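I have placed the structure first, in the form of structure tokens, so that the comments after it can refer back to it.
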Amino acid sequence: MYCGVRAAVLGSRDLWFPTLNTVRAMSSSGGPTPPFTTLSITHPANHITHVELHRPEKRNSMNKAYWSEMVDCFNQIAEDSECRVVVFSGAGKVFTAGLDLMDIAGDLLQPKGDDAARIAWYLRAIVSKYQKTFSVIEKCPKPVVVAVHGACVGAGVDLITACDIRLCTQDAWFQVKELDIGLAADVGTLQRLPKVIGSRSLVNELALTARKMYSDEAKSSGLVSRVFPDKDSMIAGALEIAGEIACRSPVAVQGTKINLLYSRDHSVSEGLDYMATWNMSMLQTQDLMKSAQAALEKKSPKDVTFSKL
Amino acid sequence: MYCGVRAAVLGSRDLWFPTLNTVRAMSSSGGPTPPFTTLSITHPANHITHVELHRPEKRNSMNKAYWSEMVDCFNQIAEDSECRVVVFSGAGKVFTAGLDLMDIAGDLLQPKGDDAARIAWYLRAIVSKYQKTFSVIEKCPKPVVVAVHGACVGAGVDLITACDIRLCTQDAWFQVKELDIGLAADVGTLQRLPKVIGSRSLVNELALTARKMYSDEAKSSGLVSRVFPDKDSMIAGALEIAGEIACRSPVAVQGTKINLLYSRDHSVSEGLDYMATWNMSMLQTQDLMKSAQAALEKKSPKDVTFSKL
Amino acid sequence: MYCGVRAAVLGSRDLWFPTLNTVRAMSSSGGPTPPFTTLSITHPANHITHVELHRPEKRNSMNKAYWSEMVDCFNQIAEDSECRVVVFSGAGKVFTAGLDLMDIAGDLLQPKGDDAARIAWYLRAIVSKYQKTFSVIEKCPKPVVVAVHGACVGAGVDLITACDIRLCTQDAWFQVKELDIGLAADVGTLQRLPKVIGSRSLVNELALTARKMYSDEAKSSGLVSRVFPDKDSMIAGALEIAGEIACRSPVAVQGTKINLLYSRDHSVSEGLDYMATWNMSMLQTQDLMKSAQAALEKKSPKDVTFSKL
Amino acid sequence: MYCGVRAAVLGSRDLWFPTLNTVRAMSSSGGPTPPFTTLSITHPANHITHVELHRPEKRNSMNKAYWSEMVDCFNQIAEDSECRVVVFSGAGKVFTAGLDLMDIAGDLLQPKGDDAARIAWYLRAIVSKYQKTFSVIEKCPKPVVVAVHGACVGAGVDLITACDIRLCTQDAWFQVKELDIGLAADVGTLQRLPKVIGSRSLVNELALTARKMYSDEAKSSGLVSRVFPDKDSMIAGALEIAGEIACRSPVAVQGTKINLLYSRDHSVSEGLDYMATWNMSMLQTQDLMKSAQAALEKKSPKDVTFSKL
Amino acid sequence: MYCGVRAAVLGSRDLWFPTLNTVRAMSSSGGPTPPFTTLSITHPANHITHVELHRPEKRNSMNKAYWSEMVDCFNQIAEDSECRVVVFSGAGKVFTAGLDLMDIAGDLLQPKGDDAARIAWYLRAIVSKYQKTFSVIEKCPKPVVVAVHGACVGAGVDLITACDIRLCTQDAWFQVKELDIGLAADVGTLQRLPKVIGSRSLVNELALTARKMYSDEAKSSGLVSRVFPDKDSMIAGALEIAGEIACRSPVAVQGTKINLLYSRDHSVSEGLDYMATWNMSMLQTQDLMKSAQAALEKKSPKDVTFSKL
Amino acid sequence: MYCGVRAAVLGSRDLWFPTLNTVRAMSSSGGPTPPFTTLSITHPANHITHVELHRPEKRNSMNKAYWSEMVDCFNQIAEDSECRVVVFSGAGKVFTAGLDLMDIAGDLLQPKGDDAARIAWYLRAIVSKYQKTFSVIEKCPKPVVVAVHGACVGAGVDLITACDIRLCTQDAWFQVKELDIGLAADVGTLQRLPKVIGSRSLVNELALTARKMYSDEAKSSGLVSRVFPDKDSMIAGALEIAGEIACRSPVAVQGTKINLLYSRDHSVSEGLDYMATWNMSMLQTQDLMKSAQAALEKKSPKDVTFSKL
């Protein structure tokens, strides 16, 4: 019943977005959630969406289907007013082995075009498309908590640097692998990793030598903010963090994500100006009064009910 | 006598600044320095000004008076050629509990205006005013060393991220609390915190979950550069750092602060160009010769006397 | 014989660069490589150039000759298609004591010019020239691994922040010393250090108090990515890292350096756009196919031979 | 027959774009080209696409259908390798009366949302969607020549400022009308008009008083580059300009548009860097040799055949 | 009576601004409006404030008093919710002869300070103060129409480039005079003039040769948008333009000014983002409904009454 | 004798610049000034250098020698303290026919490299080198007045957009010709032309159709600021303008050029900040007092003698 209401609501405002409501569909725990073939979508708790990279037999490597499914998935999440936070993880033994080289070999290794300029034009479209696959995570105003276990290789690093909060297991390792296939990491790692961790020397070393980084260095360098003993405890931890986010005012939470990202790419004074302009409307929310009242009454944010956003 | 000379000097150049010379007045140790009601000002050593947030009975929460007193105080400090460095701390049991919600509730919760646009206009002016309260710390060319003990909550985090050097006690904790009253932190935390500490994942976690961060994590993440066992040792440490700054050429020190801030918000090549332009005049200071000579003679900077700036 | 081939090749494309091929000359291990007087150049392994700051009797302090030799040296390295990575270290007991104050005293302390404006003009040219000395490291597309032992003072910090990967020995210490000679660090430290390490509070403390930082803090703050017990093991470690870089596709390696630097100074979305444009041509390299094939065949990058770049 | 070939080609590369090939379909001259209801598409000459705003009975005012049809239309044009240049004009008596206020009144005047913040969120999505409708013209790498007759009001001005070359008839007039419905022009005029014409005073006057500007002032201020006596001669002139563009190397033409737009929003030195990176691949086109040869043989560009792009 | 109401309203919201309500005081037509000594303030029509530079006996040259009175005046105008537009002109025979060299000679020609660096510090404060005098015009969200007759010299050009709409008489002339007193124009002309008129060659010629530009060239270059035969007709024209602005929604008008200025200094895509964020609240104004209704009923904006802003 | 003094002076400060003092040598009027082969250098009046593009038998087309001679020439001019302003023109019947396609064909049409990526690398170096040839005009702080007669084609347009003041004869025409050889104009036109003239539509039309623009449109669009009947009167006019510049304070003139260029590429507020920092030293020039005194005494700037810069 609840789903029916949701569908109706979504339907009525779904003016220019894909109508496929896959994200909210019931998912069988055993595999990808149709029509997706690489992603499994579940709703472990109120307002929380769990997206799982689901090609365990291929070590969750990223094939052609994956690149467009991610975009569809996060566009739907952005539109889904029930969802306030996303947990992202990988099914099976590792988080992801990165690019499925065999699957996309044609695109990259035998590009189309009559001369080098026309091939270049074609390659630019390919790279831009792949870049958008991860940028869609940033454009989605709901925070994304990513939980990494085992290997996180190549495009996997591009992926997690576009997420908001990074967690990993004790056995996780990370590798900026692109050099080993003869290219500069072009879908986000070189752009975001230096803004994600503080040590420039470490960033350069990782990107220029393709060496592995293990969980302890990932923690001390700030790539992840927490390390868990195993996958189960990590997922539990991710859901707990997600729960803390989900129970708070969505107006405040999503405004926080948007302004944190804005600040990354602007001077402090530009950031302050944008923030003040943003809050011209956002401070007019009822959530402010509700939250302030709860705070004065020493209640938890979890005791407050906020309207959908 | 010394104060008389100072007043005369200040008087003669005080063309367009408030004439109230509160900052240099003798302050009774027992409370705020009049005309201030929330700040106590003392001069613990040569060239060092100590500003104390002083509403201990309200856990140093920030009321309406505070917002304008900060601006007056730091504008005076900027003008005070005797002062070369500031130590900022909180009186009583905690550094600050943040916004005094009861005091400013009217402004935020019952804003004025005939329609949503006019209310928005009003809110923008409020937020801009609050933002300026902390930006005034950055605009003051004298370095500010902030020393935190106990709680540093909400607007307290906005405040300390605008300071130059951060210290804390073992028992200190920090909390980006704004989400809990239903708003995105809009007076500096979202803009400055990501440029103050290296781990983006941690910044996001703090801002999106409102969890507390304790002193050890504050140190390992780089929010503070030193942790002290208790408040007394911290104040002593802060004064020692301040002493190292105060004894050096004010031309060099203030140029360093200004250019460090400029670099934060510009590319390296823009920063180098600005620096070269800045030093067109600054390298013509006598301090250079005095300092170089002292260095060649193996003297300490403390043995050199620099003109006022 | 091998050198002869190289010289011929270089000669034929050496259209507008200095013809002096000093960088590839055999160097006697005992001192600077002529015509340089402050730098020693060797080639410890295939594709690796080792540049040593070589004025050990003056603690490798930087004199007038040094400033222009660095530019010549790195311009040649940039042109040398045999070289794919650089290791930079200091001869003798310390890495560098910084500026040779006696040698350049005339320039800075007795600048030329009829009035303050004309002196300023002269000083700007001096500072710009010194800035270029270190910027040339960034402009060289080959990665530079710097290995620091003993002292790294003043201009030494400016130098290492312009390098890509920083290593040090257990006994190394770093000091932003400029304040002590009465000036704001104007050849790179204030611009690059904040983008090199994550803790803003620490950067400010170092720059504003001129205190020493030892190797453990250099590691925990991220200034260096590795610490070695002594100079010998560090040089070995540096060469190992350099070896990892040298064996990979130079198209990919140099594209990675260029885009990492671009990203530092631009927003993520600008960085992605530039990267996509860059890879329009770079993805058309044969190295991609060679590397991909090696990867599929589980070979090491070291087993692949790449054309010169 | 020719269309069949085209469809096949498009089909094979149409990986992630809408498959609807409306843009290349035969259009009946009497009305909109299905499935479009507001746009008519024809191909008056080789490589030239003519898009006509086609709601003459409503003075070509922009209704809901229009906003999404523009996006579909220009996305298809961007993909259509037969098309090298676009002519855009309006059917009937005027170019466009701007927004169809009655049709979209609901969206703007009765926006959805539980409180002012949620309404704001909804409005932002609406405005962003409308902004994209015109930005799609800029994102399309093929130059767009717009030809204005009669009235060009409100959103019409937003539209034409996103085009590359502007022409008009003697009887044309332009009006930044948004003020008259109580809002600041938010879909491009305020952002692009100041970068389109040279006189800031005139831009401000037009935007702040909503007065009409006639064709002579449009010409002298540089808003249009040519004025024609009537619509027929203007369309002929537009097609002639389009013909000059269509006969030249599409690699050079589209690279020119992309870099002109990049330059508008960046410093000269950023623009030069981007251009050099762009031409790393584009100078490897066969078009260069073909064109150079033709130039040496004193042939016209029209005598050269370039591959599709 | 009406004034009494205004004063009450202003009093109640006048939290952190100077309480001096000079701007709204009745002014005798014969001279400056006390407490101002260089400016005369009148209210020729509803919502219109007329500011006159009033030192006719000194050819309206700018003395020390002027620099601070401008700031007070425009800060009050920014706060005055009755005022929706400003007309700025000069009393007597010319608009302004620029800087009153005799009055400020001491500041510039005999600056204070113990060495060149300290003098530099002092000069920077002076220049910044003068810059703010004109920037205050831009920061005031109400549009400013400036009307120039006779001479507009030196700082006069700095002044008018900060205004929104520029008009002049047939006998007006303009001169970037700073070179002739040995300095580069440092309070706005070099920064704003190139963004105000389209011909870079002309800007450079004016600034580098200090030649006079007469009204016809001012019009054809776009510096002014209209030329009037004499001062009386110009003032009438200025008031007419001001009337067109004053009768429209102040929410829309002031949002237009703010976004036009934002666009000048940002890329188109940044400008669009800011605009969408701005309109999140502004589109919720009642003015939109009122204006739309009037438009549908073919009424003039002058027939609509808007709330104060 | 005077030259001897100059040479001595230059010699003593010529630390890191080419020692070739060609720029100040006597030039025979009949041809290029050795060692230049494409440029003739004369000194028609005090402080004025006249550079003539001198390959009249090849219509002043730009060959390989030209590209490096321009850099040497303007680097020398930048260093030559006697020179305060440059006039640039073309010998023979036309200003320039642009690129000497035959001479540089090898570089562009048969670029070196083992694969497309390595060719790209080579091409980038070529394009960057050509870009620097014109950027050197902007980097030279002395204003450059360019005088165009007859044809100004292709690279000629790149050249003149880098100059400060543009003049032309009645018979001059301009053509952005690059499209016709199959490439996007990559050495400055696409970057600078839109910032040089106000009409975006015209810029696009010129760049996208390669049509000729004649002198009247060059004047009305603002590309040139003056048109002269013939070459003789234009050169006389150019020298007169140059004379107006040469007689003024070189501190003020060169600061004006530098800040005008800075403003082009920055926001107004960045520009004001840079200007204030620049003038910290520049306002300490004696020229200010000299000029102010002359102004008060109603003397012409020509009666004042300024020190060299």
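The first chain written gets the first letter, and so on, giving A, B, C, D, E and F; residue counts start at 1 in each chain.
In this section, a contact is a pair of C-beta atoms (placed from the backbone, for glycine too) under 8 Å apart; a residue touches a chain by one contact, two chains touch by 3 or more.
What you are looking at is a predicted structure, and each value in this text was computed from that prediction instead of being measured.
J.: What chain lies farthest away from chain C once each centre is taken as the mean of the Cα atoms?
T.: E
J.: Most remote chain relative to chain D, going by C-alpha centroids?
T.: The most distant chain relative to chain D turns out to be B.
J.: List the centre-to-centre spacing of chain C and chain D in whole Å, with centres computed as mean CA coordinates.
T.: One centre to the other, that is 48 Å.
J.: Approximately how many whole Å separate the CA-defined centres of chain A and chain C?
T.: Spacing between the chain centres: roughly 36 Å.
J.: Of all residues in chain E, which are in touch with two or more distinct other chains?
T.: Where chain E meets two or more other chains at a single residue, that happens at 116, 119-121, 195, 197-199, 220-222, 251, 264, 277-278, 280-285, 287.
J.: Which chain B residues qualify as touching chain E in the complex?
T.: 13, 16, 68, 112, 114-121, 129, 251, 281-287, 307-309
J.: Residue numbers of chain F touching chain E in their complex, please.
T.: Interface residues on the chain F side: 143, 164-166, 195-199, 220-225, 241, 244-245, 248-249, 251-253, 255-257, 259-260, 263-264, 267-269, 271-272, 275-285, 287-292, 295-296, 301.
J.: Considering the complex alone, what residue numbers of chain B touch chain F?
T.: Contacts found on chain B: 274, 277-278, 280-282, 284.
J.: Which residues, counting only chain C, touch chain B once they are in their complex?
T.: 101-102, 105, 108-109, 111, 116, 119-121, 123-124, 127-128, 131, 135, 138, 178-188, 190-192, 194-195, 197-205, 207-211, 220-222, 264-266
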